[in-house]
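Two complexes come next, and they have one chain in common, chain A, joined by chain B in the first and chain C in the second.
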Partner chain A sequence: MNTHLKHALPAWTWFAGLTLVFVILYAPILSALVFSFSVDRFPSLDITRFSTKWYAQVFADARMLEALKNSLAIALSTALVATTLGFAAAYADFRFRFFGQRMVLALALLTPTVPIAVLSLAMLAFFSRIGLSGTVGSIIVAHVVVATPFAMAICRLRLEQLPREFETAAQNLGATPGQALRLIVLPHAAPAIGAAALIAFAVSLDEYAIAWFVGGLEQTVPVTVLNTLQGQVDPTIHVIGTLAFAATLSMVFAAQMLLLRSTKSHKNKEVSP
Partner chain B sequence: MSVLSAKVRLRRRAWFALWAAPLPIWFALFFMGPMLLLIAMSFWSVQNYRLTPDFSLSAWSYVLSLDFLWSTFWRSYGLSLISAALVSLLAFPASYAMAFLITPARRLTFLGLALAPFFTSYLVRIYSLQVFLGEGGVLPQLFHSVGLSGASLLNSYTALFLGHATLTLPVVLVLQTLALGNVDRTEMSAAVNLGARPQHVLRHIILPAARPGLSLGVLFAFLLSYAEFVSATYLGGGVFQTLPILLTDLIRGGQQWPRAAVVSLLMMAALMLTSLVTVAWAYRQKGN
Partner chain C sequence: MTQPLLELHNLNKSYGTFEAVKDIDLTVDTGEFLAIMGPSGCGKTTTLRMMAGLEEPTRGDIRLEGQQINDLPVWQRETPLVWQNLALFPYMTVRENVEFGLRMKKVPGPERQQRCAEWLERLGIAGFADRNVAKLSGGQRQRVALARSLVLQPKVLLLDEPLSALDAHMSIRMQGELKRLQRELGITFVYVTHSHSEAFSLADRVVIMNAGRIEQLGTPQDIFLRPKSRFVAQFVGGISLFSGMLKTTREGKVGIDSADGLLQIADPASVQTGTKCDLAVRADRINVTTQPGWGTNEVPCTLMSEEFAGAVVNLHLETAAGTGIVAQLQQRDLERLSARAGQQVYASWHPEDGVLLGVTALKAAA
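Then we have the complex of A and B:
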């Protein structure tokens, strides 16, 4: 760090900005946690008493449990397929030179910039034309499209840290392409594959627009939350939120740890820009 | 020998296809397919309440001639642009602190903490904001206790902006911090050693060098806010009718799919144009 570097404003102003931003980011999450334990129906500063009654209510709600089952099934399948597709594409891009390579990359990476309402409309139209709308399967297929770009980017960045010669050297020494992949590439990419799966899972678990449009009567947890937003104040949202935050935050942090640890162990290796 | 090599070649090609093909096939079927259908659908017609494949411009001419569509279009565009600029300004001091005032090891932790909320229940965070800002909520209560009006803060641009910030801050913080972190430190030190004042270093070295990343931050904040409909509905309270709200209303209302397709394509066109202009500006060579 350049200690002699003077800044345009005193240090505390920059740190005040940092604090403010983190308050904005985490206050809604913390308030969901606090109010999920408050007995009061309406969340305010004067909390009468803490209790777990809203938690009991959520776990006794058959509709909510059904939605949770749907959400988990969809997120698990999405993570599996998206990670497979993402890794395959990342590996193909890393290992081979082929016609249309940039186009494939652009196609996958531009998907997240399509507004979710537009994508939802397109998906709904498409799935109702082929008679699949209103099924859990159609939500999975659509979520794979949304989650794969993240999975691919994570795997591709990790592969970039693997010196290209390693795989060819293994093959020159008599390994088949399959063996080189299994013994050299996969162990190197394993943390990224794990991280990609966690992120894909979190993305699917949190997605509400496509699930709302395409799912019909098959509700996921975020869709039940969306339906509640339209209605009355409902303290059980705080419970669902707290559980969702706990689940997704721990997955995202686990993914970050995986990536960070693996990057550290390769620090002295050359990383191309 | 030639039979063998043909076999080897075939096997190699199959091995290559095994990795290269799955993603393009999936995206061609389930991304390009729906998007192309959307384009086609904008030319279809609705006859006796049934969507019928056709080549008709009626949806286009109907939508494009609606005055309220254009006012919604520009309101949507303007609101997201303002939010993108404000979120970027809000994030800048924090990104600066992460890039220049803390150690690189800590920077990664902070970046991780900043990015994590992006992947966690956006709807619940909006719900939290809704009860925070609503009548009798935490913020109005606080304002009331210091003698200000305790009225609901919902259905205002402030509420909408907080919703946009909730959505876009993580992405903007990461892009800005990476951009600032990549600014050449030796150039900064050299300027200081030559007697440049800190304000000059910020304006003439840091900001120009970080321009691509900072512009991408504004662009992503814009893209996300522009596409967003939950904050606009539940925090803006429908005071701010935006294109995505119009779109969800059209679809939920049923039957008007060709019109909804036209609105979607207009949104896409606006996004693409804005992205192209921003990226071109961000990566323009210095000195032009």
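Then we have the complex of A and C:
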């Protein structure tokens, strides 16, 4: 570590800069949090009284609950499928050497770079053709396409830390390839698989554009929120924003913890004599 | 008829156009300790990995007790390998590591536990049975790796530079233990290493490989005393090499006519006069004097440098013709010699200490 190196700028400037970044990042979210508890209809700084009235209203809204049910079902399915596919792709890349491997890898990681409008339109056209548009299923498929590269990238990073000999060593001691995968590779990759599932869940939960394009009458929470906002200001938006932020943040945080802890335990192993 | 335990017939391995292993023929007997030695990239590890089934031979046969095992998948072979980096399974305790192979082979619980306990005891790691392998010292990890393989009671144990991760002191201790273990068990060991000291002190027979081929196969003494080729002589080290035509003088002396004059030899064996030969002289057989007139083969040279090696000192000399000579002297002989770098000295040796390279092979062929 280079902790002993002195930086060109004094320490307080770093601290101030960092604070500024965090304020810009989190101030809008913080304001949503504050106003979500304000009794007033319009957000203003002289808050009359704090209350949980808007929270009650959100949870009494049948349309919103329906959207929440859709969102959770879609996010869960997406997490499951995207993680499975992502791990399988990462494992194939780790374990095998084949012709066009780099190309396959590049293609697999490409989807996040496609403009979302292009992707959504293409999806919509495709789903209408196969008669799947306007269903929860179509949103799941679309979200899997978006989330899988993330899941794969996370699993790949973790698998790269696994010395290749471990799996072969298990086979050398009589384990079939399936047993070696289950007993050696999966326990090693478990934290990354968990993290990948959380990230895929969060990606699906927050995704708006594709869900709006392909979902038709089946609405997810972000789509319902945007529809609610059209033409009116509704304080329940602050509630949903706060809840959505809390949900996403806790999942990303949990994913980070999983990955950090596994990296640390790995490092400890390397250091030990 | 006794059957060799492990046979390699005309074994070849190519990666694209690169031939890693070429036409290896080798038989390993039951209970033998065989070391395969060579510089890195010589194909020794590839050969070992083919025995374990981790690499598929491009051509040739591998037989275990007469059964061809080429096409047997890794997990059905009974050739456990001790890995260079040990490859102990993390997230598992010592006991779980040692029991792993038995579990895979579906050995029932009580027998499994008993065999595992027996081997933990035997290798002196019973006290750490429930510890995570990450929390062990190098020597302890080494023992776990051995126990994990030996608990399967294999006919042959393959070892791939198993001591390379240990410090010098621990490595020597483990060498002793390995040798003792191998004697007691009577299991065949095939041991790949790049270290002469390991190969020579452990093995019954040593294979020296170079560029994918077997350069020489023999007992450690054989290889040390009668290297077959320049490569072996240089690889084993501590040997000075001269080359020239074999010649018989009018007085009836036999020797090679080298750039450094006629170097006599005692036993020309089956080599014909006029053949180009390499002559090897071991460092400990060379005398160094400050005055001429000491012995038969005397070559004036310049003392280039001294290399301190404990009780002995290696002197690096160079003749007028540019031939490098290594002489090994006891510390007290060096004090008596009192020569400095750059000084003129004389290297000499008895004719019977010169070995013609490749002669053993010719004798055997005749």
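Observations, loosely collected:
Note that in this section the second predicted complex is superposed on the first by the 257 of 273 C-alpha atoms of A that agree within 3 Å, B and C clash if a C-alpha of one lies under 4 Å from a C-alpha of the other, contacts with A are read in each partner's own complex, and residues count from 1 in each chain.
Just so it is clear, contacts are C-beta pairs under 8 Å (C-beta built on N, C-alpha and C of every residue); 3 or more make two chains touch, one makes a residue touch a chain.
None of these values were measured; they are calculated from a predicted model.
Partners chain B and chain C, brought together by superposition on chain A, fit side by side with no clash. In the overlay built on the shared chain, the residue A:V23 is in contact with neither chain B nor chain C. In the superposition on chain A, A:P163 makes contact with chain C only, not with chain B. Once chain A of one complex is fitted onto chain A of the other, the partner contacts of A:A56 are absent, as it touches neither chain B nor chain C. In the superposition on chain A, contact of A:N172 is made with chain C only, not with chain B. Within the superposed three-chain model, A:P187 lies in touch with chain C and out of touch with chain B [touch as defined at top]. Contact with neither chain B nor chain C is seen for A:V34 once the two complexes are overlaid on the shared chain.
For the pair chain B and chain C, the model built by superposing on chain A gives 6 Å as the shortest CA-CA distance. Residue overlap on chain A between the chain B contacts of one complex and the chain C contacts of the other covers 177.
Contacts from chain A toward chain B in the complex involve residues 1-2, 4-9, 11, 13-18, 20-22, 24-29, 31-32, 35, 42-45, 84-86, 88-89, 91-92, 95-96, 98, 100, 104, 107-108, 111, 113-126, 129, 141-142, 144-145, 148, 152, 177-178, 199, 202-203, 206, 208-209, 213, 222, 225-226, 228-230, 233, 237-238, 240-241, 244-245, 248-249, 251-253, 256, 260. The part of chain B that touches chain A in the complex is made up of residues 12, 15-16, 18-20, 22-24, 26-27, 30-35, 37-38, 41, 90-94, 96-98, 100-101, 103, 108, 110, 112-117, 119-132, 136-138, 141-142, 162, 165-166, 169-170, 173, 185, 188-189, 192, 198-199, 201-202, 223, 226-227, 229-230, 234, 244, 247-248, 251, 257, 260-261, 264, 267-268, 271, 275. By the touch criterion given at the top, residues 163, 165-166, 168-177, 179, 183-184, 187-188, 268-269, 272-273 of chain A touch chain C in their complex.
The residues of chain C lying in touch with chain A in their complex are 52-54, 73-76, 79-81, 83, 85, 87, 89-91, 100-101, 104-105, 134-138, 148-149, 152.
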